[in-house]
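Chains here go by letter, A, B, C and D, matching the order in which they are written, and residues are numbered from 1 within each.
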Amino acid sequence: MKVAIVGATGYTGVELLRLLSGHPQVEVEVITSRAEAGRPVAALFPNLRGISELVFSEPDEQQLAACDVVFFATPHGVAQATVPALLARGCRIIDLSADFRIRDVALWEQWYQQPHAAPELVAEAVYGLPEVNRDAIKTARLVACPGCYPTSVQLGLLPLLQAGCIDLGDVIANSASGASGAGKQASVANLLSEVNDSFKAYAASGHRHLPEIQQGLADIAGEPVALTFVPHLLPINRGIHTTLYANLTNTEVDLQQLFERCFADEPFVDVLPAGSHPETRSVRGANVARIAVHRPQGGNKVVVLVVEDNLTKGASGQAIQCMNIMLGLDECDGLSAPALLP
Amino acid sequence: MKVAIVGATGYTGVELLRLLSGHPQVEVEVITSRAEAGRPVAALFPNLRGISELVFSEPDEQQLAACDVVFFATPHGVAQATVPALLARGCRIIDLSADFRIRDVALWEQWYQQPHAAPELVAEAVYGLPEVNRDAIKTARLVACPGCYPTSVQLGLLPLLQAGCIDLGDVIANSASGASGAGKQASVANLLSEVNDSFKAYAASGHRHLPEIQQGLADIAGEPVALTFVPHLLPINRGIHTTLYANLTNTEVDLQQLFERCFADEPFVDVLPAGSHPETRSVRGANVARIAVHRPQGGNKVVVLVVEDNLTKGASGQAIQCMNIMLGLDECDGLSAPALLP
Amino acid sequence: MKVAIVGATGYTGVELLRLLSGHPQVEVEVITSRAEAGRPVAALFPNLRGISELVFSEPDEQQLAACDVVFFATPHGVAQATVPALLARGCRIIDLSADFRIRDVALWEQWYQQPHAAPELVAEAVYGLPEVNRDAIKTARLVACPGCYPTSVQLGLLPLLQAGCIDLGDVIANSASGASGAGKQASVANLLSEVNDSFKAYAASGHRHLPEIQQGLADIAGEPVALTFVPHLLPINRGIHTTLYANLTNTEVDLQQLFERCFADEPFVDVLPAGSHPETRSVRGANVARIAVHRPQGGNKVVVLVVEDNLTKGASGQAIQCMNIMLGLDECDGLSAPALLP
Amino acid sequence: MKVAIVGATGYTGVELLRLLSGHPQVEVEVITSRAEAGRPVAALFPNLRGISELVFSEPDEQQLAACDVVFFATPHGVAQATVPALLARGCRIIDLSADFRIRDVALWEQWYQQPHAAPELVAEAVYGLPEVNRDAIKTARLVACPGCYPTSVQLGLLPLLQAGCIDLGDVIANSASGASGAGKQASVANLLSEVNDSFKAYAASGHRHLPEIQQGLADIAGEPVALTFVPHLLPINRGIHTTLYANLTNTEVDLQQLFERCFADEPFVDVLPAGSHPETRSVRGANVARIAVHRPQGGNKVVVLVVEDNLTKGASGQAIQCMNIMLGLDECDGLSAPALLP
């Protein structure tokens, strides 16, 4: 199978290339970047020296259309403009950006501050969270990969929402992400000298991932979930840790068993033994979310701890997982390497 | 004035020495350590070379009693054994350990897993949070300095509890601390290779600071506060960030004004402008807590962000602030240097 | 093929397990640890959850002898005691410790401060640096894997020594290593709070790797090389960077070409384009050394920059490379995954 | 005394403000920035909240001229354009940029790739390294503060050059700097995600500090010194570590004594006991260079280890030291606080 990557100069791009280099069934044929056209990817990403001979090219519709799957690892707004033509030529699309994640186009336009260029496709796009939408992903032409924070929040709440055992009126997601989540753009705010040896919350009054999470939780729960979401910036390269707080409406439920059963057949969600605390390093570079569930002092508050690598299960790994599902491959193809620790 | 420090080989010890080296009114006369007796403090802490000529000595009751104030920067259980004799000789004591923080002796013994050696003094000890207990500290013989996490939680909730505008039945404190909070003992868990470039929660089912926080909040509120407290470990040297979540019972209150007024006269609590997010680096080495208050999407959830340096306002700086109050000095003496940034 | 790992509770142990989990031809059958016997490796190393079902066992000669290859990932002194019996039973041994690296037994005993327990085997041991000793490794019964620093120094100097174009009387190796090089033992010196956001040299007057490097360089050069070696401690998890300085005796040589030709057929040594500066992150988790050669201001000083991952090409990856060679497998088996970046 | 700071939006600027906030004799009256005019400095640097009420203003010659001393904390090229007019109005100038460091104007223009705007002042400028030029600094109108790397190299070699006991034909400076040395400009190369958990050399073929160091060493030695200088980038905020290598021409000299005597009267150079290894954290935020001297294996190679904080003794602290000397104040005024550790 042949795949293309549009806009692979950022961190989700290099992560796609790293993971796909070990994929037994697909080959990256085309990799585009207007800014870097003509330059070998290994010149930009020295970890790929000796691994990839690819050279960035100008985006070319014909070249892209010749591939079975086209990944978009672009800033929001880019995929919208190109996807319709590629779909028309029979491509299947996996978009890692936010372009097709939110079904309410007006809501998307409000949070992303621009008109949507392909509103007619939004309804068709399948939200690429395999643990929720596996069947729909199989036949999807267009998959909108979840954001990094939304993946962690939805996976952590999934068992509780499916079991209907928490109060939907008050759920808190306290998340922290490594700096690669901010992308590879030049900025003062993300300089090592600004971020290192420090920690802070940001966007406490509202982050773009909020409407996506709210939509996803409502889809699972069948009704709206009142969520407070506060992201924080960690002085690490990769990794998201989300601490979820909810109030149990049924205190008889065996939470550990609930979580283990919910994810028993999931290849990429790992429920830790009771009493555990997952570490972000335990998923560094791996397409896994690890989850622990606690009930402090046996009260009615449930605390769920979720870790994932924001670039892997939170972005490029999950995108490949979706691709495997779409192409009828083994879902684990290319995704079974363990995390790098220490 | 002369002061002594018992057990100054750890991080709160070296922080006391660093801060007191610039104090205009007091001199450290005695510094004890059984393990390091005879060794210059500058040999253990190279930042003090050229600053301090002190040499660790064996603890000696007479020497200690000759000082106006004795700081205990010891593991829990140590101060209990020595304080009674020193008090009897007229010393004033500032204990940075947990020995005298909890008024319920049985509760202390349950969390610290040992019998209390001086239960008769527990009632007399004044909890050294100046923003709450300034007057009592002035005349105290024995001050129990708050823990690092408890300081951040109590300061962040103080305006809300005093105003009575939140639901006391459901308050969440999501905290994250730098690794110096774990002390300077040899351990695998706190090796750089284990902690660096990673993040995790710990003690989600119950941390020793929980009963202390609960006592402090109840003291402020006048009734029990149901608190969920989850600490996390940051790959940084210093700094605590606490994110507090509570439900407003009065949504008419102007939160920004409430916080600014509450701390208007406090020299070491800084309320940031509306919309701000404090960074731990902004208090690195400074005896300041910086606080921002948010009300996401204008709902009934209030989110308070608090940062402090766990070794300074969270420990040694606050201890010196208490000393200044006890000795009738300017409360800011020795504590006015700005944080180190970047 | 079946392999065993003795003493796999440290960082080289978990790295062996991580890499071997993806090896197409071998299976880890036995993993021993007296301290952790009975415990699943995944309980100690959470990145291996779902990857390895192995359980630590007490070392058992019979079990070990049933394997084709036995790795020793033990502190120095351990392999010496066990290797003779295993060799006698037909095992092939790959020792990652320092036990068999130095041919001069008296010199070994001087630097490691203990009598050597198997001096009769020292002469037989093959030094496992494939770029120098590939043929000898093929038929070796006992391979002594190079230390992490020595690998970087020898690879960086190899072209220059083979070409005979530098003054052997004055060579400098200025190295810096991540903290995992110090192992996973409890210690104050390697706490995050001690190492993070700091940098220092250590052992400037003599490090245990010095005699090993001197022996290796002399083997390559055919005569002694006067080396000054100063290691430094980096606040990172993994990675060694060595900066080599030597004086050219032949300034006509095309250094870039010399290096490229020397390593043209080496699968795990990457010579960067002229003018490059390798980064340790470009080899994070990969069995690669990347090298750049400079001649500042066109003078007679040659500067060679070498990076490797101390746990991979500097230890466990190189050990597996040796295993592949010994077993007649493809030398790259299990070692072709790209480095993790960012 | 009144001082002004031109261009204080970068890291040397905030460090000047931090240090001067504790200076007993001077007050910062004016702080200029075209980009930030009208904004409080505390809005840009949150560590200065409650410390400084200053507001950035447009540069105004009259305002600046009303100050006793004007600091330039600007990129190279800026001071040149403004200094002549200020000198003419009687100001004394301390330039932290590279504008007046190099006496050979053509050489400056070659390395900085622009014409020099005030070549007539270059000869008058005094190189602000107090340990070498204290007397000249006293009466200087214009002080050119040394670069961060040059300070560490010159201090480390000073005793050896003054004693004439090393071969001037082959000296090596292997330096490593924290990321704040690269300034506070938006860039991809200095993002946390690019620098963290990694290490590399840069500018191995020639760094702008090279001609400055060569000039300084020649001034001390009285003849040219052949220097190889390779800088490296550390994943830390602050700190420079320089490892110097030279060949002794006189092996009878007692190196420890030589260094101790050389700096016996220097308030800001600390010679560590024999066998020590200075850590950058031991000078974090302090105006101190700490130095250790080694002679590995008693050979003829001398290894000098030097640490300094690149923003303090390597820039702003040293600038204030020069100011104290120029104004006849106690040289230690405002500079006596210990380093922040951990």
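Observations on the model:
Basically, contacts are C-beta pairs under 8 Å (C-beta built on N, C-alpha and C of every residue); 3 or more make two chains touch, one makes a residue touch a chain.
According to UniProt, the chain labels map to these proteins: A, B, C, D = N-acetyl-gamma-glutamyl-phosphate reductase.
In this text the structure is predicted, and so the values were computed from the model without any measurement.
Steps from chain B to chain D, taking the shortest chain of touch contacts, total 1.
Distance from chain D peaks, on a Cα-centroid basis, for A.
Chain A and chain B have centres, each the mean of its CA atoms, that are 39 Å apart. The distance from the centre of chain B to the centre of chain C, each centre being the mean of the chain's C-alpha atoms, comes to 45 Å. Among the residues of chain A, those in touch with two or more other chains are 11, 180, 193-194, 196-197, 235-238, 278-279, 281, 284, 342. For chain D in complex with chain C, the residues that touch the partner chain are 170, 172, 174, 176, 193-194, 196-202, 204-206, 226, 228-230, 232, 234-239, 241, 243, 245, 247, 275, 277-281, 284, 292, 294-297, 299, 301, 303, 305, 307, 342.
The touching residues of chain A, counted against chain D in their complex, run 11, 178-180, 182, 184-188, 190-197, 235-237.
Against chain C, in their complex, chain A makes its touches with residues 11, 14, 18, 21-22, 45-51, 180, 196-197, 237-238, 270, 272, 278-279, 281-286, 288, 290, 311, 336-342.
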